[in-house]
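Labels run A, B, C and D following the written order; every chain starts at residue 1.
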Amino acid sequence: MRKSISAAEAAAMIPDGARLMIAGFVAVGSPERIIDALVARSARGLTVIANDTARPGLGIGKLIEAGCVARAIVSHIGTNPVTQRKMLAGEVEVELVPQGTLAERVRAGGAGLGGVLTPTGLGTLVAEGKQVIEVEGRPYLLEAPLRADFALLHAQEADHEFNLTYRLTATNFNPIMALAADCVIAEAMETVPVGVIPPDAVRTPGLLVDHLLERMH
Amino acid sequence: MRKSISAAEAAAMIPDGARLMIAGFVAVGSPERIIDALVARSARGLTVIANDTARPGLGIGKLIEAGCVARAIVSHIGTNPVTQRKMLAGEVEVELVPQGTLAERVRAGGAGLGGVLTPTGLGTLVAEGKQVIEVEGRPYLLEAPLRADFALLHAQEADHEFNLTYRLTATNFNPIMALAADCVIAEAMETVPVGVIPPDAVRTPGLLVDHLLERMH
Amino acid sequence: MDAKEMIARRAAQELRDRTLVNLGIGLPTLVARFVPPGLHVAFQSENGILGFGARPPEGMEDPNLTDAGGGFIGAEPGAASFDSAMSFALIRGGHLDMTVLGGLQVDAAGRLANWMVPGQLVPGMGGAMDLVTGARRVIIAMQHAARGESKIVPRLSLPPTAERRVDLVITDLAVIEPTPDGLLLRECAPGISVAEIVAATAAPLIIPDVVPDMPLGGGR
Amino acid sequence: MDAKEMIARRAAQELRDRTLVNLGIGLPTLVARFVPPGLHVAFQSENGILGFGARPPEGMEDPNLTDAGGGFIGAEPGAASFDSAMSFALIRGGHLDMTVLGGLQVDAAGRLANWMVPGQLVPGMGGAMDLVTGARRVIIAMQHAARGESKIVPRLSLPPTAERRVDLVITDLAVIEPTPDGLLLRECAPGISVAEIVAATAAPLIIPDVVPDMPLGGGR
């Protein structure tokens, strides 16, 4: 059995300037408790790798509003006008990555692969400055793997060995980010005894998870 | 609700000389009924992409013994002395691929990626004739994606829309091969009504599966 | 029937039985309301579900079940959920039969721009670049003009979404098929003449002898 | 205690608490029997399970739960199963703390050959190339000699498994650590002298002043 930590302890582990992967899709499947604790401790200069910056007041949107984020590597900011405003004002640097490429770059970072060869982005702004590799006569864009100092996850169930499950569309980037960071911190809706989650239902083996937040009371 | 077919009908669809992906790991998770039907119809000249050639009398081992296979793209043949003998006799051509590279090549074929950049195989016979690509100062071997005419799968449960689940170590190559072939044929231990498998438990969405074998009686 | 409903109804006529279809955010989402009767279409949402259904009644939503815009959805029997890597393996890998997306511009070569207006509006491409690159058929559902300017242009002035030529453009005025030879006018919206379409279109159009009216399916 | 058991016992002393370990087919599999008491080690099998346990009693096996050699195994509480892509993402991605593999040869540079003897024996590499490339520590557990010939050689005559220098070689005679300077003799098997080891080893060894005996742990 492993010991869980508080959200404040989790936030204290994450230094200013850290590079974070944060799961979630318009905040669905995002770790709101860890995010709140980062806002509470006034984190600064974070780089956030995520699908999007959610909405004002929600998920990563809270980090943007509170001025915690210096740089965002995301597939869109269309749902968050605050991010768009801060980007145009030069307060937040935004790197836009096609969503499928983002998923594969994260996966490559976690799987020890040297990069991603994708047709997506060829002939667009995304291809600028990148290598094009031909395989069997077809061109592909070479996209580099992504890794982070921390991955912040949101699970449905966790057991006390930190095995995790995810629910429906709250799954999204959680399972792939779990492999792509030096330190993985998860929060879960429920904590269950070891053995309750069948092996086939475990989506992230507990050995990949460094810290789990205490259950909510 | 979709109509299932017999093993013989499945085998009749697969012409001599076809390129097949066959799931399974030393025959665990291999579609034995489809294999038996291919042996029964004396299929010839098949190319088999699989983890291994199992053992004599088991799984892909039956296809090897029956002379159905001209070429095998596999990670090992150590469990099957018949394959080793036929390889040395020039009856079966064997291309050995590191297991992790095989999995990624199949996945790339199914995911529309142009190839795999892996450190595995660098400085070995596997690297011969292949391109080495540097990414962020590190060398990786460029391995091409794999696709097949048919993928033959073994599921635990199937519903009548052909959604599939897999069990424990019988999962192995099944979920990734389901995306990497022009025609996907599955057999299942159980057939259940649509809606019985929860969305989070479906490992292969039914729309990827072209044909399902009738349930066993 | 307003223009958006008309475009969505026409796009719904492109749906085929037992296909996997992704609908973009905004106008394309409306297409799901007009699936022709008898067709079994599985809608994918790129945030990780296939076989999603209509928004559940008030109070019966699940916060873990939303579409790519974050709106609540339901699940049809036989639905499947998966992570983002699998979702885009389906999209990029050619497993998606069709996608319906909005557009800012389509040009004479059939190229689409729909993800940014430099210096003004930078929402990002989200899944659009993968969808246009990977889906077997790409249908653009959009207004013919914005602020009085034709969105169908000789050459994109906005950054392209992909190199690929889209398959069909459905607007409030016309249905246009990009071909290797140029933009082919296929159908007119009800009550709109060929001359009106040509006048409203900045790009050259190939006009066949007969241009029928858009089929819009039965009514609800 | 036979040679294989001794090698397995010594290899088990390398296990650390709360680590993820892959054991190769054959001799390395024996290591699981000698986990030092109090350690929680999760064994991965590359066919897709983490946290597997001992073979169940006769008649209680599950045909869907086997190790990489096809032998029946059990599952510990908290075990997780996954597909081959995920299994090798764990291996290649550096998530595996340690692997114990058999060997045909290790050379003075610490390189391993363990997947083929050209023209004679071509079992294939299976997962070995990925394991040697990706695991944080690679331990080779093997007999010191085969058919009277040292398996520890100045330079591989067999095709290498990977470029990477392995971390430790455990044989029935010695424990040897490949270092940037060469092969360092770390321990002698009980009753074996340094001179005997040097005589039985084709590659040059670096001999420290003190070479202790192998620790073999307590009993079962």
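The working rule: a contact is a pair of C-beta atoms (placed from the backbone, for glycine too) under 8 Å apart; a residue touches a chain by one contact, two chains touch by 3 or more.
On a predicted model such as this, the values are computed, not experimentally measured, just so you know.
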| item | value |
| --- | --- |
| Any chain that touches chain C and chain B | A |
| Higher-contact pair (C-beta pairs counted), B-D versus A-D | B-D |
| Between chain A and chain C, centroid-to-centroid distance (C-alpha), Å | 29 |
| Chain A and chain D: spacing of chain centres that average the CA atoms, whole Å | 35 |
| For chain C paired with chain D, centre-to-centre distance based on mean C-alpha positions, whole Å | 55 |
| Of all residues in chain A, the ones touching two or more other chains | 104, 107, 111-113, 118-119, 166-168, 171, 199-200 |
| Multi-partner residues of chain D (each touching 2 or more other chains) | 49, 75, 81-82, 85, 88, 91-92, 133-134 |
| Graph class of chain-chain contacts, one of line, ring, star, complete, other | other |
| Interchain pairs in contact, sorted by label | A-B, A-C, A-D, B-C, B-D |
| Chain C residues within the chain A interface of the complex | 25, 45-49, 62-70, 75, 81-85, 87-88, 91-92, 121-130, 133-134, 159-163 |
| Chain B residues within the chain A interface of the complex | 104, 108, 111-119, 133, 135-136, 138-140, 142, 144-145, 165-168, 171, 199-201 |
| Complex contacts: residues of chain D adjacent to chain A | 18-20, 42, 49-51, 75, 77-82, 85, 88-95, 133-134 |
| Complex interface listing, chain A residues touching chain D | 107, 110-113, 159, 161, 163, 179, 194-195, 197, 199-200, 202, 205-208 |
| Chain C-touching residues of chain A, taken from the complex the two chains share | 25-29, 51-52, 54-55, 74-79, 84, 87-88, 94, 96, 98-104, 106-107, 118-126, 156, 166-176, 203 |
